[in-house]
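Following this line, the structures themselves.
One chain, chain A, appears in both complexes that follow, with chain B as partner in the first and chain C in the second.
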Partner chain A sequence: MEEKQEKMALLDVQKLRVSFDMYERGLQKKELEVLHELSLRVYPGEILAVAGASGSGKSILAHAVMGILPGNARTEGEIRYRGELLDRKRQESIRGKEIAFIPQSVEYLDPLMRVDRQVMGIRGAKEKQETAFARYHLGKEVERMYPFQLSGGMARRVLISTAVMEEARLIVADEPTPGLNAEMAMETLQNFRELADEGCGVLLITHDIDLAFQAADRIAVFYAGTIVEIASVADFLAGKEALRHPYSKAFIDALPQNDFKPIEGFQPYAGNLPKGCLFAPRCPMRSGECEKEIAMRKIRDGEVRCVHAT
Partner chain B sequence: MQLEAKKISFRYQKNSPWILKDVDLTVQAGERVALLGPSGYGKSTLAKILAGYENPVKGEVFWDGAPLPKKGFCPVQMIGQHPEKAVNPRWKMARIVNEGWQADEQTLRELGIEKAWMNRWPSELSGGELQRFCIARALGPKTKFLICDEISTMLDVITQAQIWQKVLAAAQKGGLGLLVVTHNKALAARVCERIIELPKLNRPS
Partner chain C sequence: MNRLKYIGGTLCRMLTLLAAVSVLSFALVALSPIDPLTAYIGTNSTLSQEAKDAIAEHWGLNDPPAKRFLAWAGNFLKGDWGTSIAFKKPVKTVIGERFSYSVALMLIAWIFSGTLGFLAGVFAAVKKGSLWDKIIKTFCLALQSAPTFWVGLLVLSLFAVRLGWFPIGLAAPMGKLAQDVTLGERIYHLILPSLTLGVLGISKITLYARQKLIEILSSDFILFAKARGENISQLVWRHGMRNIALPAVTVQFAAFSELFGGIALAESVFSYPGIGSALTAAGLSGDVPLLLGIAVFSAIFVFAGNLMANILYGLLDPRIKEGRANG
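What follows is the complex of A and B.
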C-alpha cells in the first residue's frame, strides 16, 4: 500500500486471512487458518491467474471476494473494490452486477429452471440473454433446456453467459475449464480475453498451469494457503531463472514438457504449518531467517514472499 | 505376455448409443502406452473394462491369453482419478494399503508415505497423499499390468512428477505394462513410448 499505483486496482486484497471454526471432538473448538496473509491486486484489462495445487485454498479466496464463505468462516484483512472497502453490505449490493462469479461446478445451475430464465435472473432482459447466448454459440434450442440436457461444455458457456448479463467490471472465475476439451477450454479463455480487452478485470482460478500460461497476463502462485509469487506470464515462459520464488522454480522444473523433476516433500496441512516461510521445509535455500514472518516484497516487477529471492 | 482387448463394445442401456464400439487394443508387458481422447469419449469406461471393474456388452479382455480372473487378485490393476472414491472411508490407511498385499517398507518409503499416516482415516489425508496409498496398494508382486486413469490430474505439477517417477520406477523394476489415460499430451509424451488416440480406435454408431 506504500507505493503509488499508476492505475487504480479494480480488486485489491490486502493481508487476507480466512479461518474456519471446527469442532475437533465433542465441544472442543479449534480455529483452522486456511488463507494466510494473502495479498493480490487485479487491474482493469488484465487476467490474473491464481494457480496452485488442489486443496491449497484457491476457491476460498474466490468465495471470500464474493462474500459467500460458510457461516463458520472468519476473515481478517482488507478487500477493496475500486478503492473502496468491500464489506458484506457492499458485496451483497454489487455482486451479480459489477462483480460476476463463474462458479467451479456446473452444479451451481438450478436443475429445475430452464436455462434462459436462470441466465436472465431477476433483473436481466430477454434481449440481453439472447445476445449473450449468441456470443457464446448457444443455439435458440438451448434456451428452453434444463441443465441436465446440456453437455459439460454448454453448461460452462451458460455459466459464462450469466456473468456477462450485467456489465460486470470484475469477473471471478473458479476453475472454469475442467471437463472441457482443449479447443473448448481455449475458446473459454478467449472469451475471458475479450472481456479483459473490453476493460474487465478477471481473477482466473485454475490448477492447470498450461492454461494459465496461455490466457493470463500475470500468474499468482499459491502454496499452502498463501501466495508465494506474482509474476508476469512472460517470466514463467522465460523459465525458472526469470522467476523469484524457489517453489515457482521447482514448479517449472516439474512440468512434463521440461525436466519432469520433482522436489521432495509435501505441501503442509492447514492445521500443522511450519513457522515463518511455509515452503521452508522443502526449500534448498532454507536458513535461520526463514523462520521469521516473511512479508511479500517487490522484486523485478514481480512480488515474492521469500527472503532469499533475487 | 500381453493385455488384449478384442472387439470391446459398451453402452449403458439397450437402445442407448454405443460409447465404445469394436475397440481392439493390445499392450505388451513392459510396454508403456498412453490413451488420449476428448472428454466423454469413453477413455475411463475402457480403462474400467480392461481392469475388470466393468463388463463389456460385447467383446472380451485377455491377460496372457486367458480372460481376467473373476475371483482373487487381478493381475491387471487400476489406479483412478479420485483416490477418495477408491478407499473405504471406514478403514484406516494401514488396512487399506495392505488389502491386496503386505506393502513393504521400501515401497512405502519411496512413495513418501509417512508412518504416522498409517493410523489415519482417509478423510484426514489430502488427495495427493491418498493417491500415494492407492499406488502402493496396486504395486504388489502379483500385479503385472497397471492402468492409470488420470492419476495426477488433480495434483500440482510437483506432486505429479513425484508420483510418476515412482510409478515408472516400479513399472521398470517389475516389467509391468502400463496404460496411461490422460488429456495432457506433454505428460503422455514424457511417460509413454506409444500414444493411441481413442477416437481412432473407436467407431461408435
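What follows is the complex of A and C.
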C-alpha cells in the first residue's frame, strides 16, 4: 500500500463539487449541488470501484471526469490527470485517446451507424477495430450490424472494444453490468481486470456491491453525492469491524448475505442536505461535532470522512 | 408475402380515401348554391325555360344526388372525367396541361424549401440560443403565420414592381406564340412564384430539423461520441445528420398537401397558368366537373407523397429494413 501511495496517481480528484443551475417556479434560479467535496485517486494497474445506491449521482462523477456534463453544470475543485490539471481544453484533447469512457448501455451507440464504423470512431483504423473484436470474441458478422441487432452481451463487448482502440491509460466505466446475467457480468469484470493488469487505471462506477467485491482492488463508498470511505476490498470482505465509516458498516449489515438489516431513513435529496456530515441524521454515533464541516482523513490505510471513525 | 400484404393494404387505403374524397366533394358541390346549368349557359341567357328544363332533364340534374353521384363516379372510373365548363375542354386534358406547368413550380419550390430549410434548421440547432437561432426562429414563425397570398403580393411588389427584376406574372412573355417560348423564358417566369411557394414551405422543415437535431444532440449516444473525442462538427456530421435526415425527408414528403394548397393561391397571385389557378377558375365559374376532377387528383397527389415517404423510410432506415429481414 505504501508503495502504491508513492506512485503518482493516474487520476486525482480533489474536493470536486458539481452543481446544476435549475429554474424553480417563476424564473427563480436555484443551484442544486449534486457532488460535494468528493475526493478520490485512481492509480495505474488498479480498479477503484465507486459503489453507491442508484440515482445518487455516481454517473455525474464519470461525466465530470470526461468533461461531458450538460451546459448548466458548474464544477469546483480539482481534477488532475497524471499530475496535470485536467481542464476543459485538456479533456477535449485527451478524451477518447488517453481516457476512455465505457457507457452503460447500447443506448450510447448511434442507432443508425454500423458497429464497426462506430467502434473505429473518428481516428480508429480498421485493423485496430478487427483486433479489438477478436480480443472480445466478436464475430465478423457483428461488424456490419446496427446497434439494435446486438444482444446484451454483444453490446457490452462492443462498448468495451471502443476503449481498447487507442492506448487508454484511464478507463471510466459507468455501470457496465446491469442487464447481464452472472456469467456475462463475470466476463465483463474479467475484461476490466485484464486492462488493469496491463497497467490501466479503471474507475468502475457501480451500484452492485457484489460486483465491486469481485472485481475491484479498492472500493469507494458513495453516499448522497460524496465519498464517505475508501478502503481495500479486503477490508470490506473482512466485515464491518475492518471498516471505518458508520455508513459502510451499516451497508455491510444490510447485505442479504449478512444480516439483511435495513438502515433506517433514506439518503438525503440533493436540494435538502443536512449540515456537516451527510449521514449524521441516520447515524447512531452522531454528536454535535457532526454538524461541522468534515474532512476526509486517513485511518488504517484507508480514507474516511467521519469524526468518530477509528 | 409481407410486401404483398403491404401493397394490398396501401391500395385498399388509397381506394377508400379516393371514395371518401369523391363522396365528400360531390356532397359539398351538391349542397352549394352552384347551379351547373347557370354556370354553363351564363346568368343572362336568353334561353327559354323549356329549353333549360330540357337540358336539365338531359343532364340528369333533376335526379336525386345519389343517382347523380353514381352516374358521375361510373363515368369517372371509365375514364370520362367530364368536360370543363370554364375551359371548354375535357377535364383530363385541362388537368394534364395545367399540371405540367405546376409540376415544375412545385418541384423547384419543394427542393428549394427542403434544402434551405434543412440547412437553416441544422444551423439554428447547432447555434441554439444564439442571435442567429433567434432570428431564424422568428423568421419561421412569422412565415408560418403569414397568409400565402399576402407573401405572394409582397414578393410581387418588391421584385417585380419595385425592382423590376422579374416578370409580374404568367408563365411566358405576353404575346409570344407558345412554340416560340424558350426554356430560359419559362424559368425566368417560374422564379418568383416558386420562390413564394418555397418560402412558405420553408418554416415547417426548418423548425422541424432544428427541433429534431437539438433532441438528437442531447441524446446519450452523442454524449458517448463526445467522450470519445468528437467535436461539435463531427457530432453534427457523423451522427446528427444521419439521424435527422430521414425524418426530415419524411416531413418534406408529407408537406405535399400544403404544397398543393399553397399553389392555388401562389398561382392566382402570379397569374401562373398551373393547376392551382385552374382550381380557382373552376371555383369562381362553378365548373363542377373540373372541381371534382382536381379534388380527386389532389388526393392522389398527396397520397403519393405520403406513400413515397413510407417507402423511403423502409428502404433507408436500417432498423426497418434489416429488422424486417431478421424478423
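Here are some notes:
Methods note: the second predicted complex is superposed on the first by the 305 of 310 C-alpha atoms of A that agree within 3 Å, B and C clash if a C-alpha of one lies under 4 Å from a C-alpha of the other, contacts with A are read in each partner's own complex, and residues count from 1 in each chain.
Criterion: a residue touches a chain if its C-beta (ideal position, glycine included) is under 8 Å from a C-beta of that chain, and two chains touch if they have at least 3 such contacts.
Remember, predicted model here, so these are calculated numbers, not experimental data.
In the superposition on chain A, A:K97 makes contact with chain C only, not with chain B. Of the two partner chains, neither chain B nor chain C is touched by A:L243. Once chain A of one complex is fitted onto chain A of the other, the partner contacts of A:L40 are absent, as it touches neither chain B nor chain C.
Of the two partner chains placed around the shared chain by superposition, chain C is the only one that A:Y146 touches, whereas chain B remains out of contact. Of the two partner chains placed around the shared chain by superposition, chain B is the only one that A:F251 touches, whereas chain C remains out of contact. Common to the chain B and chain C contact sets on chain A is no residue at all.
For chain A in complex with chain C, the touching residues are 63, 66, 68, 70, 92, 95-97, 100-101, 103, 105, 107-113, 121-123, 146, 148-149, 162. For chain B in complex with chain A, the touching residues are 38-40, 112, 126-129, 154-162, 164-165, 183-184, 186-187, 189-191.
For chain C in complex with chain A, the residues that touch the partner chain are 218-221, 223-231, 234, 238-239, 242-243, 317-319, 322-323, 326. Of all the residues in chain A, the ones that touch chain B in their complex are 52-56, 151-152, 179-182, 207, 209-210, 250-251, 254-257, 260-267, 269.
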